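Following this line, the structures themselves.
Next come two complexes, and both contain subunit A; in the first it sits with subunit B, in the second with subunit C.
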Partner chain A sequence: MRKTYSKMLQQSFIDFCLRNLQATGMDEEVELFQPFQKEQITLPEEAQCMAVKTLLHMCNLQFALRLRSNAEFMSPSGGVPFIKVGAQIVSEFDPIVEYLDLKGISLSQELSGAQRSEMKAYMALTINRFYNAEVFLSWYCEAIAEKITKPRYGAPYAWPLNKILPWYKQQEAKKYLKVQGWLEKSQDEVYEELKMACKALSDKLGDQYYFFLDRPSELDALVFGHLYSLLTFQLIDDKMADIVNSFPSLTRFVERIQDTYFAGAAAEENS
Partner chain B sequence: MAAMEMECLKGDWGLPSVNLKCLNIMTYSLFVEAPIKFYDDRMLWRNLFAQFPVFRSGEMVLYNSDEKIIRYLKERNFNTDARLTDQQRADILAYSALLEERLLPAVLYLWWMDAKNNVEFSRPWYSKAFHFPFNYFLPGRIHKAAEERLECTVGGNHVLPEELRTKIFKDAEECLDMLSEKLSDKTFFFGDSPSSLDSLVFSYLASLLRVPFPNNDLKDHLKQSENLWLYCSRILQRYYPTSAEEETERKEQEDARRTPGSIDEDPHKVRNIILSVAFAVCALVGYSLLSGLVQLEVMDGSDDMDEGEVD
Partner chain C sequence: MISARAKEAVAGGRSMGDHHVHTKETVFDGSNFVKVDKVRVQGLSKTKNDFIVHQCKELFGAATFKDVILSCNDVKQKLERAGIFRSVSVIIDTSKGPGAHKDGLDIIFNVKEGKRLSASAHTAVGNNEGSLVLGGKLANVFGRAEMLSLEYSRGTRQSTGYNLTFFKPVSNELTRRLTVRGFKSSAEYLLSSFRETGRGAVVDYMFPGPLGLQTFSWEGIWREVDCLTRTASFPVREQCGHSLKSSVKHIFARDTRDEGVYPSRGYLFKLVQEFAGYTGGDVKFVKGEAEIQLNQRLFSDIIFSCHLQGGLMKSMSGDSVRINDRFFLGGPTDVREKLCKYSNTLG
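Coming up: the complex of A and B.
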């Protein structure tokens, strides 16, 4: 009697362990929420969404793309995109990286401490320069804001909301720039910042395939997301794309990642 | 070449300035031996938002941007980074972005958001740092700017104050670990001579170590990573030897002054009491005279006689 009882206990313990093991992988469907790609999304959002999508592709995670016009207001932190796994909702790039790490999925496991430190530093550079420059150009440069960003941002709403919400968002963006001292910069200085960041990244990348160790890391996903958006997003002029294009190693990097991870997606979109 | 001068926030505790950007420029100028004159507490009426540092060279004025000032110095051939490779220069850019994103929020939090530090330490110190009448509103403005910055970049409506605190300090500790990893056991970040990254990192580390915040969660963590701690004291010793000595001297003097007790303060007390009593008496007498509670009549003998006649 006693023996069977202990055996039962053992069995249930093994079951428990097995279930825990499963929980470390992704057993539930991952859904990614973002604003509408064609009519609505603005440049900084597009870059962030692209980065997260690339990250998920690099982790070999299947995800379902959900387009919602109010994705921004569904997100717990007010930033897009966010992913929903079962009951959990995680928004924006850094928290998503951390969440995947908890689940045992990480791109930077094999990096040494020094390399990981460098990776974090370059990620900070990408966000600090690229993201701020994108916000600056799309919301603070009056010509671009009036012609492109505001109409796009207000696209899903009827009058008067399509005037009020973009205005409100613009105030927020300006505040974001102001606290970081970016409002004192002129447009040319912002282009200069972009150029410096591109130069730093291209110096770091050199002739390698990826930034670290011949395999993709979070940094690759983030940089690709931003560079791809800078290259393809239609603003009134092509100045941003020109800046990126003046660094051939970066354009090659973008093409390579696009071919590797987005070849299927592009074919689907075209069909 | 026009003379270069810069207005800074004043320093304390052996640091030439407590403002990160000012400290960065000051250290950088020592690295390259650039002839810059530093002033504190000057021309505040032209800098009503307390945007330090203000850099002037001839006609040109640069506000609030250490990056631009260093770029200007580099153009003038005061360049520490010329010997570096392109990749090392890229590293400098990346690590300065990292510091801005991860460590700056923690320093701002320690100065202004931590309730105890703010009330007991930062406000009193800052109101002493400026002269009248700027001591009344500049500390408030600096506080507000720091708060806004934290709210826009790290916080927001969805973050609780307690969460904000843990997030900021977690990020900062990670950042310190990364710096320690990057520095390992070198004298400076890129070999044996300093670069612009060194002055930047030093400005952060020195203020975390030297500023005596009542609540300082990061100091212990920083002391644990020995190489950073040694690095910081090495730069202090090498580039600010006098200030360190002065600091100990000043402390000794202060201690000496404290021990005899309150004798030193007594003459002021007596003077103050006399002054305040005199002022109160003047005010009372003045009020009673003006409002007519007490009337004084000046009478001569002849007046008396006149009155008598009329009656």
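Coming up: the complex of A and C.
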């Protein structure tokens, strides 16, 4: 009797330790805030939200998805998405990666210094090319901006705010593109940029499952977020999807990650 | 302001047929019957005729000399209140010339029109910041006491605001006021760490009712709430963003106080009803507020004053009422919301 009792005690102590180990620093609920997926979110926002969601899935972190029409204005940096852990709020991809790193959760722990800087370089490339192209296509191409982006962005508001706020946002986007030096580019040049970025990533990926080693890194999350959005986001034509589709290794990569991390979540995402 | 000469003239006129001894005994109480023959307003250039005629109408109804003096005073006050004259003086004279009645009077108003365009610059401290206010005013725009004013303010905390107001008396009646206003303003709520920026338009019509002043107004305001600091509490953060309020408001006020700021007697009773969201916009609520202020002089300069204010509001859409529509603790002139869900800084 006594023996079994002490055994039980031992077992519960082990359980306790294990539980603590699993919850490395993240003992509070993680909430992810983003705009409404179906009728509000715009392409660049969608890509960024997708990247962060993938990152959290890859880190095996459970999170609650909170859809808010004012997510952009709630975010301290003005960018979506942001995560809330307890009282802490961290917005956008890079700061979230850093925050998770501080909490002891990192996907790139096992990479060597050289690999890590290579990853950073590829991440910068992805951000520059993909994000700029997304902003350019959704806000600067008049046809897409008028038909898709502006109505979506203004969706939560009443007239005349649903006209003023998208217009204002468009001006901001143009300012951003001007600083980036993308305003002089033509639409075809932007598609060319996209193609080049895809080519660089496709070359790096080759036949591997992931970009580095045999496990996902932050780069995988970021690239998946952008590629998945480029493939699935409905714009007036399928030009973007066609470009991505011309790189079979990338489409395979997207399918793989989608199957691994979003198989169960797909239904939840669309709700 | 009534010239002594006129008084003498009238008094003299009455006692014309009597003996001098009698005049000395008669006490002049102004109850002698007179008739106003002519009213002349001198010094008008931009002001339209019909506006002045409307203000002077009551003079012709005066039957006794006392009435004339009283209504002269009334008219003079009205003209001064119109805010378009620098000075107004009155002369009452006996009527002369062909067609003049025996007891006829001529009333002459000497007015000096003020400058049409004026500008001002001043500084103001309040709202947790100091600000510089530049203003321009265009008085008597169309000659019927309309006023157009523009104010621009810039604060030390980078806030800018402007205010364009057009005011017009309705059918030349100075107590019926139609005001159209467009503005941008911002207010910081340091305790709750948010800032509200509002841009909008207000149209209101104020007129005297049988019991007190009635105001009907419509306002359409685009409001933006943003957090002042990164450490703002999450319930405040959740309120950030844009909203559009379109509301119809009715205000009833009965005010018998002698002064608005430091009254020494009288009372104020005010009722405000606001219906937001029925004319557009994305906030929908019904709000009612009541205010009572009583003032009583006890002795010497000691005044007993009591002020009670309360309000009730209900959101008519499914969402809770937005932070910028709520009642706030704001000192003696504002209300604190009860039954508040949020802790410390909100409400």
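In this text, the second predicted complex is superposed on the first by the 242 of 271 C-alpha atoms of A that agree within 3 Å, B and C clash if a C-alpha of one lies under 4 Å from a C-alpha of the other, contacts with A are read in each partner's own complex, and residues count from 1 in each chain.
Note that in this section a contact is a pair of C-beta atoms (placed from the backbone, for glycine too) under 8 Å apart; a residue touches a chain by one contact, two chains touch by 3 or more.
Given the structure is predicted, the values throughout are model-derived calculations rather than measurements.
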Combined model on subunit A: subunit C and subunit B, fit or clash: fit
Partner chain in contact with A:Asp101 - subunit B first, subunit C second, else both or neither: neither
First (subunit B), second (subunit C), both or neither touched by A:Pro76: both
Partner chain in contact with A:Ala87 - subunit B first, subunit C second, else both or neither: second
Partner chain(s) touched by A:Leu125 [first = subunit B, second = subunit C, both, neither]: first
Subunit B versus subunit C as contact partner of A:Glu184, first or second or both or neither: first
Subunit A: partner with more touched residues, subunit B or subunit C: B
A:Tyr157 touches, of subunit B and subunit C: first, second, both or neither? second
Overlay on shared chain A, then closest C-alpha pair between subunit B and subunit C (Å): 9
Shared contact residues on subunit A - subunit B and subunit C: 76
Residue ranges of subunit A touching subunit B (in the complex, touch as defined): 76-78, 113-114, 116-118, 120-122, 124-125, 127-129, 175-176, 178-181, 184, 196-197, 199-201, 203-204, 206
Residues of subunit B touching subunit A in the complex: 63-65, 86-87, 89-91, 93-95, 97-98, 100-102, 145, 148-149, 152-153, 156-158, 174, 177-179, 181-182, 184
Residue ranges of subunit C touching subunit A (in the complex, touch as defined): 222, 224-227, 230, 234, 237-238, 240-242, 244, 280-282
Residues of subunit A touching subunit C in the complex: 68-70, 72-74, 76, 84, 87, 89, 156-161, 164-165
